[in-house]
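When the chains are written out, they are named A, B, C and D in that same order, and each has its own residue count from 1.
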Amino acid sequence: MSDMTDDSLRELYQEVILDHSKHPRHFGPLEHATHNAHGYNPLCGDRITVHLVLGADGRIAHIKFEGRGCAISQASASLMTDMLTGRTAAEAEKLMDGFLHLVKGEEGVTGLGDDDLETLQVMAGVSAFPMRVKCATLAWHTMKSALEGGSRSNEPAKTE
Amino acid sequence: MSDMTDDSLRELYQEVILDHSKHPRHFGPLEHATHNAHGYNPLCGDRITVHLVLGADGRIAHIKFEGRGCAISQASASLMTDMLTGRTAAEAEKLMDGFLHLVKGEEGVTGLGDDDLETLQVMAGVSAFPMRVKCATLAWHTMKSALEGGSRSNEPAKTE
Amino acid sequence: MSFIPPIDDFPILAKPVNGKRLAYLDSAASAQKPKAVLDAMTEFATTDYSNVHRGVHHLAARATERYEAARVDVAHFLNAKSSDEIIFTKGGTESLNLVSYAFLSPRISAGDEIVLTKMEHHSNIVPWHFMRERKRAVLKWVDVREDGSVNPPAVAAAITPKTKLVAISHMSNVLGTITPLKEIIQIAHAKGVPVVVDGCQGAVHETVDVQDLDADFYAFTGHKLYGPTGIGVLYGKRAHLKTMRPFQGGGEMIGEVTEDKITYAEPPHRFEAGTPPIIEAVGLAAAIKYLKQFDRAAIKAHELDLYQYARDQVRRLKWVRVIGEAPDKGAILSFETTAMHAHDVATILDGEGVAVRAGHHCAQILMERFNVASTTRASFGLYNTREDVDALIVGLEKARSILV
Amino acid sequence: MSFIPPIDDFPILAKPVNGKRLAYLDSAASAQKPKAVLDAMTEFATTDYSNVHRGVHHLAARATERYEAARVDVAHFLNAKSSDEIIFTKGGTESLNLVSYAFLSPRISAGDEIVLTKMEHHSNIVPWHFMRERKRAVLKWVDVREDGSVNPPAVAAAITPKTKLVAISHMSNVLGTITPLKEIIQIAHAKGVPVVVDGCQGAVHETVDVQDLDADFYAFTGHKLYGPTGIGVLYGKRAHLKTMRPFQGGGEMIGEVTEDKITYAEPPHRFEAGTPPIIEAVGLAAAIKYLKQFDRAAIKAHELDLYQYARDQVRRLKWVRVIGEAPDKGAILSFETTAMHAHDVATILDGEGVAVRAGHHCAQILMERFNVASTTRASFGLYNTREDVDALIVGLEKARSILV
């Protein structure tokens, strides 16, 4: 891990992130959800629930999330709901993979459009904080398990 | 532990000890034994059985022992049978304690007659070899448990 | 203060973190190790090392002597009656599991009860959950008061004729609460119930006398006591140990092994299967020796001074809620921050060189009890100073400025 | 010989014993540690130490990285498919007990059978005796040949539809026998029976490839591999680990804990309750790195050369009987001496600075099989030389002159 600098801290907690975390988009319950999943980060105790409606056209019509967590996990969840609404499951899958690569600081995030890459970029600061990667990925892992049919209640989504 | 010298080795394996170990006194089974006990040294696998006849006068009339072991344990057992024959249980107890003190190199072996002390002295060399103390004490512990009524077969005499 | 923190004994504290002076406020998770401990381990490994017990050669004798001498040192440290009552384990967690597997499991049946408090660490919870899952035992939870203190009558009320064990920590790793152990043990014993004490924090901050406490079992862990990882201790009353079946099986713990029969060694060896943590035992003895050179009451006063200094300043920050203010408590400060999550706070503190823990601290039941998902925890060791506290406060203000 | 024993890497070997040059021939009990291992541990403890996993601060991140990197190093060392298949334990003995408690115990019932050989170490016997005592399982003993080799058809013959596990060592700590593991595992798998391998000696002297072997479980211990005490490894196939219940309970191994419910973490963490041997994991990684700088085949050739050199000379002494001369064996020389007990021999050898083991070597069943109470054992490590063997022979002659 490279030493943390004020710069990397400011990048991590940049305006967009704090805005998402303080004013999360699509927060709350979702009636008539077709898919739900519960995620849990055993390292810190944070929980999240993701609800979504998968339309007849194969696209994600609505996403909402509930739960409490740190700024990173809340912002990440909020950003995710923004980004994945309107996508097909396959498109969502590709975005999720891109996101996971990005926050782990791995090379070769490919196959994403420039717009998506730019939007995701606000989360890139996490990669300088390996112990926070699980915070950033919790919502996305939970989304994944929702799309895969929802996790059973005694087996929360893994965070990595 | 002080460094081992040739002298202390020669004292350990002195003539009397080797003679006892090669020609153990009172070796073999004993018919009509009133007390028996089985001893086992889990560190090396040596076993010993002690048989004795406690007379109506409260004195140990006969002792015999069986089993295999190192020179130290064989000599110690042989010497013990020599020394304890004819003693009362209380006298034997006192001798055993004196012996245990001696081989552990502890101060203050008291309450023993000069003759007994002199006889025991041949085992004093063991105290320079802490890892061999259990070899020297096996027979005596087994004797003790024989006098106390004999150890049950699944609970061999402890060696320390 | 009469106690001067021996900072120079701890080389790691001199290394800057993120370009800042390190303020290590995470000793409740694990303490840093003085040079004396590391040196003792290296010295032993380069001078006297060998496997123990089974050898007759010089190094085996020396290693065995030093390993067994460490057992005697631990016995003195806890004021045990005999070193035969000291079992070396791999850590505090294994010590508690040993009680669960070797003592409780054969004695407990469906419907029997285990009493424990809501402030227990997972290591003093999960082994009893196993008894619930596997033996259909019932867990009886004793609540703590709002200030985090334990109420002995509440423990008494939880004990029934079906209670087979009381499991309780000497000191909470979240609240800092020090349990009125002696009173609770008397209550339990009056009802014929044995008590296992989780002393993983207690042994570090309190002077332990297992005979005076009359504890049936007392568990602690090496790495929080300024000692190495990979070693822990279980004290058990000889009368209990004698009647217990083995936990793990292997070398050293047997009497005789045949194809269809087996006998076991006497305690403590019965419970030390396989090659024990030999170098670690020497390191633990060195840690105990290191501590002994100080007046432990002075260390405690020093740590509590830091705690109070920190708490008083933190209280002045209106957006901080301190959790755990029992009248009798050790130097652990847990708090919640309004509108800031503990993880974010800890990350920003880290940027200032201040190491704290954030999360549930392996105490999810307690988090539930205080209705928080996680807390930020600053915990103090003998090497901490007011400078560390000052850095904490500066860092908290900075977190506020960045996050809110 | 292309391999030059790196004696200078091992400070302890330079220290005279009883005024004599130390000939350490007891590496099968425990190996000495190179300076590189001790230095790595000290360096870690003075630079990056903290508890792992639960912290977000810099030291916690560094410690976690190094602990998890050690897991990856071990995975490569065994050629495991994934580091998730590597569990850190406190030693080889605990690794085998983990299989007994977490894998076998819930799967075995009265009358079910466990197949094992007569040359197993107590650590690969006692955990199965527990299943006999507690579950009324049946132990099926496979004899070894007179030369100490294992006969795969004999293993095949012992397996019945009731067999739930085959437990076998990769290399015997007494006979030096190397087991035809791959063949035996194929035989067992053909009958649907999983195999646990005790690799405490094998991992030291053989190159292990768990995927090629197709082993279900492979256990080894750190201190025999030139690494620290207090750490061991269990490799387990992911498919098995996934279905296994936890062994010990505590911090790190849970998912969620509530008052009346509990879920567990995924492997490998499910099996690592409490603070793991963190510093020891770094030390084990350093030991593996140390070994890696050499050609392991060259080490093996060197050790076997010493073994053969010793065996040939010992054979010339008419009063020595060598036990264990399997065609495929590692560098361990066990023997019986006529009219001299192993303990006396070892004591006199020690006077010459020669460290050997005497006793049953935690293999009482094997002693019974060869009808000896104990043997003298010289075992070789990468630091041994022909000079050590010469000292052994001189010492044996001296023992004869003193004792007979």
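By definition in this document, a residue touches a chain if its C-beta (ideal position, glycine included) is under 8 Å from a C-beta of that chain, and two chains touch if they have at least 3 such contacts.
Here the structure is a predicted model, which means the values were calculated and not measured.
*Asks:* Approximately how many whole Å separate the CA-defined centres of subunit A and subunit D?
*Replies:* 45
*Asks:* Go ahead and note the Å separation of the Cα centroids belonging to subunit A and subunit C.
*Replies:* 36
*Asks:* I need the residues of subunit A touching at least two other chains; which ones are they?
*Replies:* 3-4, 43, 129, 131-132, in rising order.
*Asks:* Multi-chain contacts in subunit C: which residues touch at least two other chains?
*Replies:* Counting only residues that touch two or more other chains, subunit C contributes 17-18, 54-58, 60, 254, 256, 343, 347, 350, 358-359, 364.
*Asks:* Please categorise the chain-chain contact pattern as a line, ring, star, complete graph or other.
*Replies:* Shape of the chain contacts: other, as it matches none of the listed patterns.
*Asks:* So which chains end up touching which?
*Replies:* All chain pairs meeting the touch criterion are A-C, A-D, B-C, B-D, C-D.
*Asks:* Could you please specify the touching residues of subunit A with respect to subunit C in the complex?
*Replies:* Touching subunit C from subunit A are residues 3-6, 9-10, 12-13, 18, 43-47, 68-72, 129, 131-132, 135.
*Asks:* Quick one: which bits of subunit D touch subunit C in the complex? Just the residue numbers, please.
*Replies:* For this pair, the touching residues of subunit D are 11-12, 15, 17-18, 22, 24, 26, 29-30, 32-33, 35, 38, 41-42, 45-47, 49-51, 54-60, 90-94, 96-97, 100, 121-123, 125-127, 129-130, 132-133, 139, 141, 221, 223, 228-231, 246, 248-254, 256-260, 262, 273-280, 343, 346-347, 349-350, 354-359, 361-362, 364-365, 368.
*Asks:* Where on subunit D is subunit A touching in the complex?
*Replies:* 53-58, 60-62, 64-65, 254-256, 261, 263, 265-266
*Asks:* Touching subunit B in the complex: which residues of subunit D?
*Replies:* 17-19, 340-344, 347-348, 350-351, 358-360, 364, 367, 373-374, 402-403
*Asks:* Flag every residue of subunit B that touches subunit C in the complex, lowest number first.
*Replies:* Contact set of subunit B toward subunit C: 1, 3-4, 40, 42-43, 129-132, 154-156, 158.
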